[in-house]
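Notes follow once the structure below has been shown.
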Amino acid sequence: MEEVLFFVSAIGALGGAIGVVAMRNPFYSVLALIVHLFSLAALFLLLASAFVAAAQVVVYAGAVMVLYVFVVAYVGGGGESAWEPIPGQRLLAPALAIALFVELSIAILSSALLALGTEGPEVGPGFGNPEAIGKLLLEKFLIPFEASSILLLLAAIGAIVLAGRKREETA
Amino acid sequence: MTATSWAWLVLLFPLLGSIVIGLGFKVLPAKVAGAIGTLSIGLAFACGIGALLCLLGEDPEARHHASSLWDYASVAGLDIKLGVYVDPLSVFMVLVVTGVSTLIHLYSYGYMQSDKGYHRFFSYLNFFVFSMLLLVLAGNFVLLIVGWAFVGFASYALISFWYRRETATRAGMKAFVINVVGDVGLTLAAFLIFRELGTFDYGPAFEKAPEVFTTNEWTITAICLLLLVGAFAKSAQLPFHTWLPDAMEGPTPVSSLIHAATMVTAGVYLIARTHVFFELAPTAADISAFVGLATLLIAGTIALVMTDLKRAIAYSTMSQIGYMIMGVSIGAYSAGLFHLMTHAFFKALLFMAAGSIIAGMANNQNIDKMSGFGKAMRFTSIAFLCGALALAAFPGTSGFFSKDEILAYAEARGGMYVIFTVLGYVGALITAVYTFRLVFRVLPGVPCKEAQELIDSGHVAHEEPRNPATGELEDTDVGFPGATHHVAEGSWPMKAAMGVLSVLALIGGLIQIPGVDDVLSKWLDPVFENSPLAAIHPSLSTDWIGLGIGGALSILGIWLAHFLYVQQPTTPAYLIEKLRPLYTLFVNKWYFDELIDLLIVRPALAIGRFANRVFERVVVDGLVTGTEGTVRSAGGVVRAVQNGFVRSYALLLVAGFAGLALYFLISSS
Amino acid sequence: MINALLWAPLAFGIVGLFLPKRASGWWATLGALVTLVIAVGMVFDFDTGSSGLQHSVDVAWISGLGVDYSLGIDGLNLFLIVLTAVLWVGGTAFAAFREWERPQLFFFLMLLAETATLGSFLAQDLLLFVLFFDLMLVPFYFLFGAWGSDREGGPSAAAATLKMMIYTLIGSLLMLVGAIAAAIISADGGHLTFSIAAIQQQGLDVDSQRWIFWFFAAAFLVKMPAFLLHGWMPDAYRAAPLPVLVVFSGVLAKVGAYGFLRIVLPLFPDATIEFQEVILVIALASILYGSVMAFTQTNVRLIAGYSSVAQLGFITAGVFALRADGADGAILQMVNHGLVVAPIFVIVAILVERTGTEDIREMGGMALRAPVLAVLFLVVALATLAMPGSANFIGEFYILNGLFQEKIVFACIAISGVAMSAYYALRLYQHAMHNRKPDGIATREIGLRDAVVLAPLVLCILALALYPQLILHRTAPTVQQTVAGVTNGDAPEAELASGPTGRNQAYISRNRPIDP
Amino acid sequence: MNIEWYIVLSSLLFATGAIGILIRRSPMVILLCLELMLNAGNLALVAFSRMVGNQQGQVFAIVVMVVAACEVVIGLGLIVAIFRRKLPLNVDDLRELRG
Amino acid sequence: MNFNEPTLDYAGLSPVIALTVGLCVVLLSAVFKPVRRSAPGLTLLVLATAAGLLIWQWGDPKDLVSGALRIDDLSVAISLIAILTAGFCVLLSIREPATEQAGLGEYHALLLGSVLGMVLLAEAQNLVTFFVAIETLSIPLYILCATNLRREGSLESGLKYLIVGSLGSATLLYGMAFLYGGTASTDFAGIATGIAHKGMLDDPLILVGIAMCAVGLAFKTSIAPFHQWTPDVYEGAPTPITSFMAVATKAAAFAVFVRFFDVALGPQVDEWQPALAVLAAVSIVVGNVGALGQDSLKRLLGYSGIAQAGYMLGGIVVASESGVSALVFYLAAYAFMNLAAFAVIIARERETPFGDDIRAMRGLGAERPLLAWPLTISMLALAGLPATAGFIGKLYLIEALVESDYTWLGVFIAIGTMISLGYYLRVVATMWMRPEGGPATTPAIAGASPEADPIDPEAGKRLYLVGPALLAAAATVFFGVIPQPLVEFAERAGSSLF
């Protein structure tokens, strides 16, 4: 059962990813990413990370993707030409990506870390639930937590600065 | 006053004279400057006499003294003091130098009167005398080199005295450079002496030498050969002689003083001074003797065909110095030095007279154009004749005694050395011929244009002065040869100098008549007391037989000259036609200049050109431009990679990452 | 007092920045004069017999890095300091008589250069030396580049000086690495210090010596400049303003040669012995190549420049004869060469002003109207060619004697440079002063202003000619010690254990008895 | 399922994201590909978190989501700004700066 | 459930808090019209307060908030450098067109946000903090780069920086994930013990993780071959931001670089040392040759920054106390040298129509000596000539390298420096010497183009530009002549890790 779920989700995630890369129209890419994100959330659930999965769906697939859709709609999602202006890019890019994957896989598969070959230790039901995560966020990771909030604030300012109508221009 | 104090005074006066005249060139009236110059040398001569008397008052064995003023450069085991060495040899040299110099100064006083560089001339001349005295009085090899080089410099300055004449400056340069080659030889010799003997001082060096060296050991031979380089360069021996004829570009008193009487004899002095070394290195001594012999013959042959009056006398000088070098090299020290002295008298005289005539010829030195000066300049021609007789070794004159003494010694030394006697006599014959060739071409006959003018009006009306060598107009800014220059026999100082020298040339030999007085060899005996070679004396009979042969050859030579140039004036042309190759060889001075040009000057210039055009551009700059080019092209690559495409940047980032990961993966296994 | 000596020029220079244009030149000259007075005071105060450092100052500067502010005077640098002070007085005064753009800055840089130069002579700390060594370049970079002249058809002044900077810094940056390596290796984990004396005492292993030796040698050889590394010289010399060239050519090259004596010999004795012949070959090549180039050039600056290459070749050869006499001669010759080449450039400046050309073929016939100039020039030219009787002769005599006793073949080749120097020095003199006067050349006599600069320098040459012992005497003890440090095997233990090399053995037996 | 599977999957996603950045020219798609890469990281973090049995990785993943969101916001803001300046929305055409 | 409230050491956190509060205050000032123009002043005040608080914490090392942060002399030193730079940036931003377009308050708030990220980064000793901090640092910079919206280059630089920066961040994150997986810890110390105790020293997982982290950090510090964003972004960004980025980002990134590699990855020093050394060497070469022949001064300084980063990486390579000290010293010196240069570039940018082109510097020595001197000193210092802090910095670095037997890298620094003379001195020559080519011509686009910023012919005399330039130049010389105070400062910082 778990295997089936994994493969289904994995194929969804990978297919979504490939869709993102392959779709001519940015709008379809966004849709592919949403597929990808949902599949990923399923994988998180398989890994006993309920809170992360939930956040993934709510924050990402919900909020961020909506933003994307709006922007794509605003600027218009014309497709891009197939012409490649950078010599060698078309050949090197896949080659490097494959090399990257191979290297990472070698690193993972040849690692002496025994736990990699297991499904992970038995964990209690509380593992990965909002309470546990919240506790960690407020105890050990208080600073990153606070910093993230500042980061969001800064991003908001940034969005205004970059995309907002300028006072000078309106005045 | 000790002998050394006199010696210091001898050095002091000319130096002072030079400085005073030099500094006062704007203040001092010309006559005063000339007087100061002449007087200071005269005083030096007087001091030389003082030293002579001092030494005479001493035991012959004790007649050598060293004295030093201050440490010149004495550290690290090199003990170089500012010191003099006084012994009969140096006193003899001092007297010859100052004596002849005084007269030549006197001559110059008149001769240079109309020259705009009068002060400069006397300053140089005094400096030259100072240098020459330093050379002969120096107490160690370093100071010897200093004097040696000073002489060379003074010679340079005086040769290129008329410095707007390109021929003169070039001749000066040539003389200087060749002299420097000589200095280099001497310096290397000094190094080798120091290495083997640990000292530069004469006294200790000569004392130690016989203990340290075995006869003909390579070191001592090398030392002697290096000394010979110095000696040959200065004394214009083969193959370093080419500067001397060119040096005739200088004013005539200069030729008279430097290039006849004093400087060129320095080599003779040097060999005599270091005879200890040469006796330890007989091979080197023999080489030296042969070079002397070769020089005397070759120079004699060239003198036979020279048409330039001064250059002919210059070649004669070379030839005569060949005798001296030969003499001192085979061991005839006092004979060689005796010839040095007599030669100084008659050759200085010949030059003075020649100078007088040339002045009368409006600076034309070509004997083909001269004739009849016997009438036009009676006093001068008598002086010229006296000098010529002495040079030709006419019986009874000074040259007669001194030359034969050398040849007699060689005969007495026996063995191989007889060659020197035989060929020496051949040289003597040639000498007589070329000497009287000059006499017969210049003095008798129908007066030429200039001579006639002299007879008529008492002086020569000059045209625009031209360089006798190239014929180009002179730049008269510098003075002589200026338009107002007509000094032929013009003043009493010239006459006085020539007069005294004429007398000396005629009777100077009397102080050393074999078996009669031997003043000179007795005086010099202490210097050579330990020398086995000096102990050889030709027997009285050998001496007189030699004198007889010499006298006969001299008269034969004069007759031959008379026959060729007076009785049968067409013969020379006939001979030239018959012996064309030989004549060409002689006229071209045996092609020595060309040889040196080919072997040294051209290669040096070629190397210089190569260095300048090829090496500097290609290698040295190439080093720079090559490196710079590499760096710049690397920069080009970096900037080409920076193509502005953000995806390209990402690609490189990923590639870098892949590479780094690969490295780590490899290093993990 | 040593502090005053070092910093006086800079202090004057800084004040001068704020003075009116007209006064700045004279103020700078005054500064240089004050420095000279202090330097001469040092000579009087010098303990002649001692070989150690005198007047030394030693305080921690950057204690964290082991760098000390350590200065001192001994036989090696005493007269180089005086030379520096003398030439700077000459150079600044000569410049003060002329008009410059932005004179305050010009003279500030001149005096900054003096401080830096004095600093590199005085420094007894390896790093301080490197620092001053590099610092010297900075003011000259500006002086050459901003006040220099562009060459038609050649590189601009800026480009020429850039080349110079890069060339010289190549060496000195490597030297920086070498200096640090020397200090760290010799400290061997202990207290890190750059003090030359301390490093010398600790010693370095032979392998380290080998490569560090070359790092230092590179710096010094470029600075001199030696054969093959002289590529910067022609362009820079042509670009430089002449009063600056007076001090530059007079002093800076010597820092390189001095560096060999001060640093390389004491710190890397084994490498010195090992590479002696290599350096000698370079020195010989410099002598021959410099001479050959000097007599083929027609530009007056380059004749002087290439002759310096040759002269520095002699000096290097003297140092690397590794004998006391050679090194004594080298120091004497450094001073002499400085005293000679500086007036040459003064004269060149005068000639260029009169004739408007730097080509000797277009000069001539000056001597008649300018006899005093001619005489001064003659003295200088004769000293340049090491006329016996000049101090230069004694310098070369000592150098060559040292070389001769050690490496006879090298000496014989080197001495040919003497003969060549006669040719190019006289050629320069004759072309300028003698022969016919080309049209359009002003043959004025030397002016009083220039004479004030030139005459004292020539007097120095003459004075030294009469009494070179003045310098030799004071340098000898230190030199003796320095050279003995190399040849006597003050090297690390390992070297001694294997016994001195054959060459060394020969040296010892010839020079000093071996203690039983 | 063994954790290895998850990690290998994540690396595959990572590589896919990378290739997208390298070959796509629309800035919007590139931003999406960046999201892919960050998500790959998140998957790895969560998988490792499961493997080692502590939740720090999950917290990390949440923080990463925030960061990713911020980057998207900025990216989109820039895209809007570029659009307003009437510049082409193609990263290849933005190459005034180079060399 | 029991909640273990983390102990909050407010003293230690005070600088961070001050910056956060300040950020909000500055942001709010934009809302209220009467105080709208006071944002620069407020920012300076905030920075001064933070600096004061940091100095207060000097010499009092402690872990904060469950080991998420560590305030020690290293972090204080780096934070101070960042804050100093930010202060300069505020001054240089006065009258900068970009501030008007972004809004004064927003602009300065973003700046403070970035500084906050830097302070956090310097103090971070936990992977999560590290990641958040690096993003807090970067995201405001992405925005700030693009704030001169009128100029295409500004937008382009913002986008390029964002894309490549995020790629770097993603890589960094992935590497962190691997490290976390291999050691089960996100704390630096935990990672170190994890590596050492679980026999992971040469495990491929960990090593590839290290590689990825190295890529991420190398990206931030502009180490070749991860450097390519640098010249473009430096050139395109508003110049005050460039100056801030060039110095402060580098400082903060190096701080975490050294802490991460020397503390967390300390056990594996033998593995990463050679790799980083090679990266350093490559950077030195690429940066120096790339800068040759650049006409844009900002671009030139970008490439020079790549080379300088290569030098500084040497301080990390050696993994020793003196290496860290050398790094800190060099960073401080680098701050002064760069700031002096940028201040002058900004002044000329506003004064002439040439922008940051090297032609803008022609004849500066004669016209504006007060500008020419700082730039000259800066260039000479960057080139490592003596009597400047740059020389001592190089000395320090080379000493550290030689001590750890990395002499060859020292030689590389020397060689790089030689090449660098080719472009630093070109700038100097342009100011003081005759121009190489013909007379300066006005660029075609200037004036007419809507992109061009207004020209202020008096900019070269404004105190807020000349002052910082002179100050930084004076500091460069001062610390070149009397380096001892700065050396002690650096030594204290260096000793906090070992």
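Here the chain labels run A, B, C, D and E in written order, and each chain numbers its own residues starting at 1.
What we mean here is this: a contact is a pair of C-beta atoms (placed from the backbone, for glycine too) under 8 Å apart; a residue touches a chain by one contact, two chains touch by 3 or more.
Quantities reported herein were computed from a predicted structural model and do not represent experimental measurements.
With contact taken as defined at the outset, subunit B and subunit C are each touched by E. Shared contact partners of subunit C and subunit D, listed by label, are B, E. The chain with its Cα centroid farthest from the Cα centroid of subunit C is A.
The chain pair with the larger count of C-beta pairs in contact, out of B-D and A-E, is A-E. On a Cα centroid basis, the chain most remote from subunit B in this structure is A.
With centres defined as mean CA coordinates, subunit E is found 25 Å away from subunit D. Centre-to-centre, using mean CA coordinates, subunit B is 78 Å away from subunit E. Chain geometry summary: the mean Cα position of subunit A and that of subunit D are 6 Å apart. Centre-to-centre separation of subunit A and subunit C, using mean CA positions: 69 Å.
In subunit A, the positions touching at least two other chains are 85-86, 89, 92-93, 96-97, 100, 103-104, 106-108, 110, 116, 140-141, 144, 148, 151, 154-155, 158, 161-162.
Shared contact sites, meaning residues of subunit B that touch two or more other chains, fall at 639, 642-648, 650-651, 654-655, 657, 661, 665, 669. Among all residues of subunit C, none touch two or more other chains.
Across the assembly, chains come into contact as A-B, A-D, A-E, B-C, B-D, B-E, C-E, D-E.
Those residues of subunit E that touch subunit C in the complex are listed here as 325, 365-366, 380, 384-387, 391-392, 394-396, 398-399, 402-403, 407, 410-411, 413-415, 417-418, 421-422, 425-426, 428-429, 432-434, 436, 483-484, 487-488, 490-491. Subunit A contributes residues 2-3, 6, 10, 13-14, 17-18, 20-21, 23, 26, 29-30, 33, 36-37, 40, 43-44, 46-49, 51-52, 55-56, 59-60, 63-64, 67-68, 71-72, 74-75, 77-78, 80, 84-86, 89-90, 92-94, 96-98, 100-101, 104-105, 108-109, 115-121, 123, 127-128, 132-133, 136-137, 140-141, 144-145, 148, 151-152, 154-156, 158-159, 161-163 to its touches with subunit D in the complex. The touching residues of subunit A, counted against subunit B in their complex, run 85-86, 89, 92-93, 96-97, 99-100, 103-104, 106-107, 110. On the subunit E side of its complex with subunit A, the touching residues are 1, 3-6, 20, 23, 27, 64-69, 100-103, 106-107, 109-110, 113, 116-117, 120, 126, 128-129, 131-133, 135-136, 139-140, 142-143, 146-147, 149, 158, 178, 181-182, 198-200, 203-205, 207-209. Of all the residues in subunit D, the ones that touch subunit A in their complex are 1-9, 11-20, 22-26, 28-29, 32-33, 35-36, 39, 42-43, 46-47, 49-53, 55-56, 58-59, 61-63, 65-70, 72-74, 76-81, 83-84, 89-90, 92.
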